[in-house]
Structures are given as structure tokens and as C-alpha cells.
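The first chain written gets the first letter, and so on, giving A, B and C; residue counts start at 1 in each chain.
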Amino acid sequence: MKWQTIVPGAILVSIVIVAALGSFLWTPYDVADLDIRNKMQTSSALHWLGTDHLGRDIFSMLMVGARTSIAVALVAVGIGMGVGVPLGLLAAARPYSWSDELIMRGNDLVFAFPALLIAILITAVFGRGSANAIIAIGIFNIPVFARLTRGAALSVWTREFILAARVAGKGAFRISYEHVLPNITNLLIVQSTIQFSLGILAEAGLAYVGLGAQPPIPSWGRMLAESQTLISLAPHLALYPGLAIVFTVLGLNLLGDGLRDWLDPRMRRER
Amino acid sequence: MKLYYSIPAFFMAAALTGSVWAARTDVILGVVLEPPNLDPTAGAAAAIDEVVYANIFEGLTRFAPDGSVLPALAKEWSIENEGARYVFSLHSGVKFHDGADFTAEDVKFSVDRAMAEDSTNAQKGLFENIDNVEVMDPLTVAINLKQPDGSLLFNLAWGDAVILDEASAADTATKPVGTGPFTFTNWVQGDRVEITKNPDYWGTPVQLEKAVFKFISEPTAAFAAIMAGDVDAFPNYPAPENLAQLDADPRYSVVLGSTEGETILSMNNARPPLDDVRVRQAISHAINRDDIIDGAMFGYGTPIGTHFAPHNPAYVDLVSQSEFDIVKSKALLKEAGFSEGLTLSLKLPPPSYARRGGEIIAAQLRDVGITAEIENVEWAQWIEQAFKGKDFDLTIVSHTEPMDISVYADPDYYFQYDNADLQTLMTEFGVETDEAKREEMLRNAQQIISDDFVNGYLFQLAKTGVANSKLKGLWENSPTQANDLTGVYWED
Amino acid sequence: MLGYIVKRLGSLLATLLVASIIIFVVIEIVPGDPASFMLGLNAQADTVVALRTELGLDVSKPQRYISWVSGMLQGDFGQSYTYRSPVADMIGDRLWISLPLALYALGLSTLIAFPAGIWAASKRGRATDSIVMGFTQLGVAIPNFWFALILVLFFSIKLAWFSAGGFAGWEQGFFAAMKSLTLPAIALALPQAAILTRVMRSSLLDVMGEDYMRTARAKGLTERQALVHHALRNALIPVLTIIGLQFSFLIAGAIIIENVFFLPGLGRLVFQGIAQRDLIVVESVVMLLVFAVVLVTFLVDIAYAWVDPRLRQGRRR
């Protein structure tokens, strides 16, 4: 089962990453080039996926849009892990202490807020654009990683080699860093692919309502929004960005599922 | 015997089929923006007038579909003191929707209320010149002006000058009570406003029994609503991209008209480098109007060369003075010292003429070395930052008030153009009552603001109305923002 | 048990208090003055000041916070700046759309997920299982607003079976109203159904591996009977938790769908409130949504603790 998911997942994700990185080197057309005379054309030899309502090449826009989606999701996950994992480790190192309670309460607090709504509020208040989208999505990644880390770390703490380390006089901080962390890495990797895919969806949602990357930077979500009024005239405008999102998220989810089956033997249940 | 029964049966059948075939008497209108409240005299939203003007409320005068000024609550008037005093005779037997009588006292009340210290009337400027209102008798009222003014009748036709009854004025925002041919029935916030025919209306009865204004802001939703028959008409249909398709369909008719909306690329004349006329001129020459009209409005809109409506007889065609010329643009930039390029901010409010038009202009400016950084903002932010704070370089907006070229004489108006000659000209215009002279002055004004390249004059917003083919009487043009339903009816 | 409830109640109230402060602080920083927005382009400075006073915007912020909170506790959510009518009324009106929509979507989602999850679990490892899982993978990957667009393209524009949006209104009758909520509910239900199917399936599989299941099979029950009579009930616990969470997500997260179908629901209200800088509406509705989410979590926790006494002591998460 695992190879059935890892391989397709990895392929899809690689395609997207290659498109995104490749866009720095070359795209069929410059995404800033408007060509109003040739707007809304369907696929042709000149424009492989056609042109949008301002005459821009859709294939090129998808490539550059991949950059935006990946960058936002990646950094947001980075924030979530960068802040959430240390918090989780801290909480697990001193369970039921005031620091643990504080961290878990904080988690609950963030979980209580409807994520999309708050992300919209943040970007509307502090300014649209990728930077604030990253922050908004990142904030909601923190409690996910904190909670996960704490739970997994707690169970690692009960294991015997940890006791040995404590007896040897190592402090909680060193233990967390040297022993606990490596043992939960697999779990974190799996979770981060899931959060990455959620991040892609979240960025698309924000971009759709106009709060993501701003023009002239292409963004899949914004392409979808702009295609809406033209959907009966030129359905391909809505089709391709949507498919791009679906493939990316699907790839990440498959990859994550496959990795989970592969990396963590204890997690390998008969699923 | 059989014939005896068949005759009434025949008539009954005829009556029944007649009623089935009778024309509809209600209409559902799609409107893009929902009004924040229903008081046209206490807020600026044009959306308010789009629901209530001429339907629920009336003023002393009103706009005809072609923009001319007609009598309304005032039957006739005489102008005295060379334009410094107007005496109006009012119609008798007029009642407000709550039964109260309409008298000259109500006129005085309404005008005083608009002019008051704490008034939130968005067009206070319309009333600035009024010295006082004199009630001469219940059906006669005089307005005394501080200075002679040729525009008073025009000003009084605005939605901000409608007449309210003192007793019911306080609740106007949620329960509007006017003298118009329709009464307010219901407002489901976020969804629709319903109005019904006023059986006691003083004037010509309307042909509709009921009207519903449905608020639909998304262009896709508008398209779907019209196709599904959820609305019968969309007087200002927000998605020009669908018009060709709708026009081809025999169920719908597309009516193209003009509005008073001059869509311009405003430039902050007080902020360097835009204070240099050569830079402004360079920007004007970098703009290709046809591409903008095609790409943003799908071909609907008329290019303009100055801040004036092309359908107006006083219009001067100055498009060629700022025609598309990249070579000239680059030369001017070089002359002004910007051959290395230039970066400007471009603030864009929500409408698609701004968002799409902005992307197109940014690309056009890039071709001459100017980098325009796009900032999409909501109306609230646009008003706060660009309009009040004057914190912008470039922005795109459509100015929909009729005859608003006078704003160029206000150095404090957001684009901050300060030209003493124009200011003098407009002051003289304000007191001039001779039509021919007024027209001459308007032409001069248009030439001046084009010579100075104050703003990039893009195009006149078209009124793109879509309606069920059987619905007649909707306004073709938009001399003021309103949906006057008084002449609307269903054809059989 | 009572001690546990009291403890959880206490933490609920603390969460709400902190949330209210955060909400108030974040929203008060919002740039954009409601008064100038309402008066528009030609308004004069003194008019704007007059409106600000009228709306109570010139009072100090801590004062505003206190009156806001005490108002809410009494059921008074303040007066909307743009509409000048009580926010509580507006929320009430919108709830009549958002709640039914959430329930409808939840209903559709469970209707799909339960049979699909059970079926996949019973045919674990075989082709059917893979196909169902494949569909759920797809369902989770599709952005619900894109799905909504596709639905509108086919069912409204091409087939004209449903109108493309708008709410018919409850006065038009139950069926007419629910019909106008159908496409939105389907768009919302899809990803939820996908998630729920997976949870249902994995929860069932977990339970089916338990000892008491082996006993059931040893007793002679067929796989199917064992599944239905024993596994299902126990497997439902985590599933119900997810349903609870999904419900609160649906109420708050339908913003985009409400925009696509122009439904006058809570999500749209907040969205427009943000655009119009109607601070009171945004504050009150966000607070209400947070309250809903916290309440649902609280109830689910209590239900969990009641069902599983082990959870009541030393609350280990």
C-alpha cells in the first residue's frame, strides 16, 4: 500500500516543485506581458493552456503561481514547526507544570478561533499580500505542531533510554534536543506534509478573496477568482488553476500518507 | 338551453385566460451595492439613491431620463433678483406616506436640516449658497441665496435634496417616509428592499404594483441571477464580459447608455514627481485607452480626453491631445530627468474598471520605464487613504456626479490641482445664468485641464443595463444614480 | 464528574475572556474610519466629526470594551455602524441561514461518509477500499470554492436545475428555501465527507482489531454482524468528535461559499463588515463564532468524559 501512495505522491509534488523552481529560469512567456488582442484563447501551439482575460499565458502563470503557493505554505509550516515544536518539547519536559498548562491553554485559545475568518481579518487589517498570509496561516500551524510534539514527546519521555540519560545527569533541555527530538522527527515529517497541503489550500482560499499575493504576482487562488465571471465564456480559465491546486494537494497528501506508513513502524497499523 | 349555459361559460373562460395572459405588475431589480441605510440626505452612498430616488422620495425638482431638470413637488417657479431668489409654487393635495400633508413647512424643514451644523448630508455644498428659506404660504416657498446662482434648480434635483416630513424624518434611515409613487414595505438586510405602489400618490399613477431591489454584488452571481430569472433586470450590470452573450439571447435585451461617470487615472498633483506637468503628460501618452476599454470593460465605454461627459452638448473632444504615443512619453520622461525610470504607487478600489484597468495601465507604464506598484484596497481604505489622506501617487476611480468639472477648482480636492485661472473661471461660472456663456466657460475649463494633463482621462463609464425583453421604461442613461421606476411597465 | 465539569467551565470562561480582549484589540487597530467611509467622497470635515460622535467612536477604548462586553452579556450586541440597526437582530436573521446550511452540509456529509466509511472498512485491503480511499483523497484535495464554481457552471448555468445563489427565504416555504441551500451545502459537504469517511473507516478498523471483537467473531458472528453490533457503537466516539468540530467549522468557515452563492449568512456579514469597517459587527460576530466553537468543544469534552470515565481523572491529552 505504501508504494502505491508514495510514488504517485512524490511524482506530483516533484512536478510542482520543478515547475516552481524552473519558473525562475524560464517560462514560455513573461507573466507581466499583457496581450489584450489575444485574450481568452483556448489551448494552441503558441499558448499551451491558452490565455487569460488580459492575454497572459496561462501555463506561465501556473508555473510562477506555483512559486507563490509553495513559498507561502512552506514558510507557514516553517513558522508552525519553528515555534510549535520547541513549545511542545518544553511542555512535555515539564508536564502539568504552569508552563505546560500555559502552552496548552494557548493552544486551545488559538484552536478556538475560526482559522479562515481570522486569517481574513489579519490580512484585511494588516495589509494584503503574501507576507501577512504567511503569518496568518503560520499562526494556526503553531498549536498543531505544539500539541503533536507534546503528545509524542510525552510518550518518548517514558522510555528507558531517557531514564538512563537523566540518571547520567543530563538536563531536560539537552535530553529534549538530543534524545526526544530525533525520535519524533518521523512524526513531524509526516505532519508537516499534511500541514503543507493545508497551507496550499489556505493560501488559495485567501488569494481567492483577494488577500493573498497581489498583482502583478500570479497566484492560483486569484486566477480562480478572476475566472469566475468568465466561466461560461472561457471555462478553461477556471479549470487549470483549480486542477493545479488539486494536484498539488493530492500529491502532498499521498506523499504524507505513504511516508507515515513507511517511516514510523509503530504507526504502521493495518490501515 | 345549452347556449344559455355556454355563454357565461364562454365569458368565464375568456376572463380566466385574460387574467392568465395579463401582464405582470411586479418587478425584481438587481442592484450591485446594498445601501447602508435608506436616507439619501444623510449619507453619500449612491446605492441609497438607486433605491429611493423618484420612487420613495421626491424633491422640488427632479432629473428626467435625459438629464434635464423637470418640476416635481414644485409646480412652477419664478426667478427674481437676477437669480438670487427663487419662489416655488407647490402642488396641492400631496401627502406623505404616513398620511401627513406636504406643505412649504416641510421644504423649509428639509433644507434647514441639510444645512444644519450637525447635518450629515454628504452634499452640503449644494446648499452652501442658500441664505434662508421663507415660507410664504402653505403652498409657496421662497429660497433666498447669498449670491445669484444658475445651478439651484439643478442642485435641488439631487437625491440629497429630497423633501422629508419633520415628524418622520428621524427614522428615515430604516423607515423612509416620502411623497413618492412607491411606499417602503420591507428591508431584509443583506438581501433585498421591497416597495409597493402608493395608492394615494398625487401625480401620475405608476404601472407597477410592487418592486423588489435584490442586492447582488458578485458579477457571476449577477449573470446567474439574470439567466435563472431570479431578477428581471439589472440596470447596472456589473459584468460587461457577458453582455454579448445576453444580447444574443432573445429573452433579454441589453440597453447601452451613458452615465455621468468619468473614469480617470487620478494623479496626485501636489506630490513630486507628479507635480511636474511633463511627467503627467508622459503618463498620459503611455496610456492606450482602447486596450483599457477592451480589456477591462470588454469594449463598453467611450474614450474621453477631459473630465466631461461626451453625451453632453458642451463636450470638447480632446482625446488626441493625450493620445497613445510611447516615443513622446519616453522623451518627456527623459526631459524631466527620469530616463532611468520611476516608481509610483497605484491604489485601486474594488470595481473591475479599477482592478482590471489598473493591471493594464501598470503594464502600459512599464513599457515606458515607470513601475506602478499596485495596491488593491477596499472603498473604506480608499476613502481614508487616497481621498481624505491624499496619500497616493496614482489611483483609478470613476466620478459619477453630474457636471463635476468644478472639483478641479478646489485645490484641496484629493488630486490637489491648483490653478488660479481655472478657479476664477469656475467662480464666474457659478454666478452666470446665461446658457450660451455657461457653455463657453465649460469648454474653456475642459481645455485648461487637458492642457495641464491634470489626470489621465480614460473613458466614460457606459451604463450597461440588461433586462427581460418584455420590461419597458427603464432609464437608458444615468444622469444621476437612480433607478426611476415611474415609467416602467411590462409589455404583454 | 461534577468537579470535572466545573473545571472545564472555568477554563471555558477564561478562554472566552482572553479571546474577547484579543478580538477587541485586533479589531480596534483596523485602519479606516467608519464615519468617513459612510459619508463618502464629498463629505465635509465637520460632518464626519458629527457622525463619529453620533456613533460613539470618540469615547476611549477601554470604555468601549467594557460597554461592549457588558452589552453582550445582556444580549445587546450593539448597533451596526453601517446599517444603524441592532447587531443582535442582524445575527438572528443570518443565523436562520447559516445554521440550516451547516446542518444541511453536515447531514449530507454524514449521509455519504457513514456508508462509505463502513463499506471501505468492511472491504479493507480490497479494490473497493482503494477506490473509496482514492475518492476521499480527491475530495480532501479539492478547494470547496472551486467545487462550488464547477457546480454552478453545470447545475445552474448549463442545466438550470438550481438558481446560482441567493436565498429564497423561509417565507417561500421549506422546500424552496432548502433548494436554494442545496448547491452551497454540497460544495461544503464534499471535503467534510471525505475527511469523515476516512475517520469513520480508521476508527472502525481500530475498533475491529480490539480484543472484544475477536470474542464476538469467536462467538460466531459474521464480520458484518460484528461490525454493526459491536464495532460501530464504539467507533462512533471519535467520529462524533469530528462531527462536532466540523459543525463549528461549517458555521464559521462558510465565508467563501456564502460569497460565491451570495447567501446572506453570518460569514458574509463578517466579510462585509470588515470591508465596510463596521467594527461592532465584526467584533460581535467573531466573538459569537468563537463562543460557538468553544461551546461545542466543551460539550464534546463533557460527552467524552461521561462516556469514558478514564478520561475524567488527570486529564491526559
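By definition in this document, a contact is a pair of C-beta atoms (placed from the backbone, for glycine too) under 8 Å apart; a residue touches a chain by one contact, two chains touch by 3 or more.
Since we're looking at a predicted model, the values are computed, not measured.
Asks: Taking contacts as defined above, which has more of them, B-C or A-B?
Replies: More contacting C-beta pairs are found at B-C.
Asks: Please identify the chain lying most centrally, where each chain is represented by the average of its Cα atoms.
Replies: Chain nearest the centroid of all protein C-alpha atoms: C.
Asks: Averaging over Cα atoms per chain, report the distance between chain A and chain C in Å.
Replies: Chain A and chain C have C-alpha centres separated by 22 Å.
Asks: Any idea how many Å lie between the Cα centroids of chain B and chain C?
Replies: Going by mean C-alpha positions, chain B sits 40 Å from chain C.
Asks: Please tell me the distance, in whole Å, between the geometric centres of chain A and chain B computed from their C-alpha atoms.
Replies: 46
Asks: If you look at chain A, which of its residues touch at least two other chains?
Replies: Only 124, 228, 231-232 qualify.
Asks: Out of chain B, which residues touch more than one other chain, so two or more?
Replies: Answer for chain B, listing residues that touch two or more other chains: 218, 220, 223, 378.
Asks: At which residue positions does chain C touch at least two other chains?
Replies: 31, 149, 152, 157, 259-260, 275
Asks: Taking the complex as given, what residues does chain B use to touch chain C?
Replies: Those residues of chain B that touch chain C are 36-37, 43-45, 117-125, 173-174, 188-191, 214, 216-218, 220-221, 223-225, 227-228, 230, 378-381, 383-384, 387-388, 401.
Asks: Name, in rising order, each residue of chain A that touches chain C in their complex.
Replies: Residue list for chain A touching chain C: 4, 104-105, 108-109, 111-118, 120-122, 124-125, 147, 150-151, 197, 201, 204-205, 208-209, 221, 224, 227-228, 231-232, 235, 238, 242, 245-247, 249-250, 253-254, 257, 269-271.
Asks: Write out the stretch or stretches of chain A touching chain B in their complex.
Replies: 32-34, 36-37, 39, 53-55, 124, 128, 210, 214-216, 228-233
Asks: For chain C, which residues count as touching chain B in their complex?
Replies: 31-34, 36-44, 46-47, 50-51, 54, 82-85, 90, 93-94, 149, 152, 156-157, 160, 163-167, 169, 259-262, 264, 268-269, 272, 275-277
Asks: Where on chain C does chain A make contact in their complex?
Replies: Per the stated touch rule, the residues are 11, 14-15, 18-19, 22, 26-27, 29-31, 124, 130, 137-138, 140-143, 145-146, 149-150, 152-153, 157, 202, 205-206, 209, 248-249, 251-253, 255-256, 259-260, 267, 270-271, 274-275, 282, 286, 289-290, 293-294, 297, 317.
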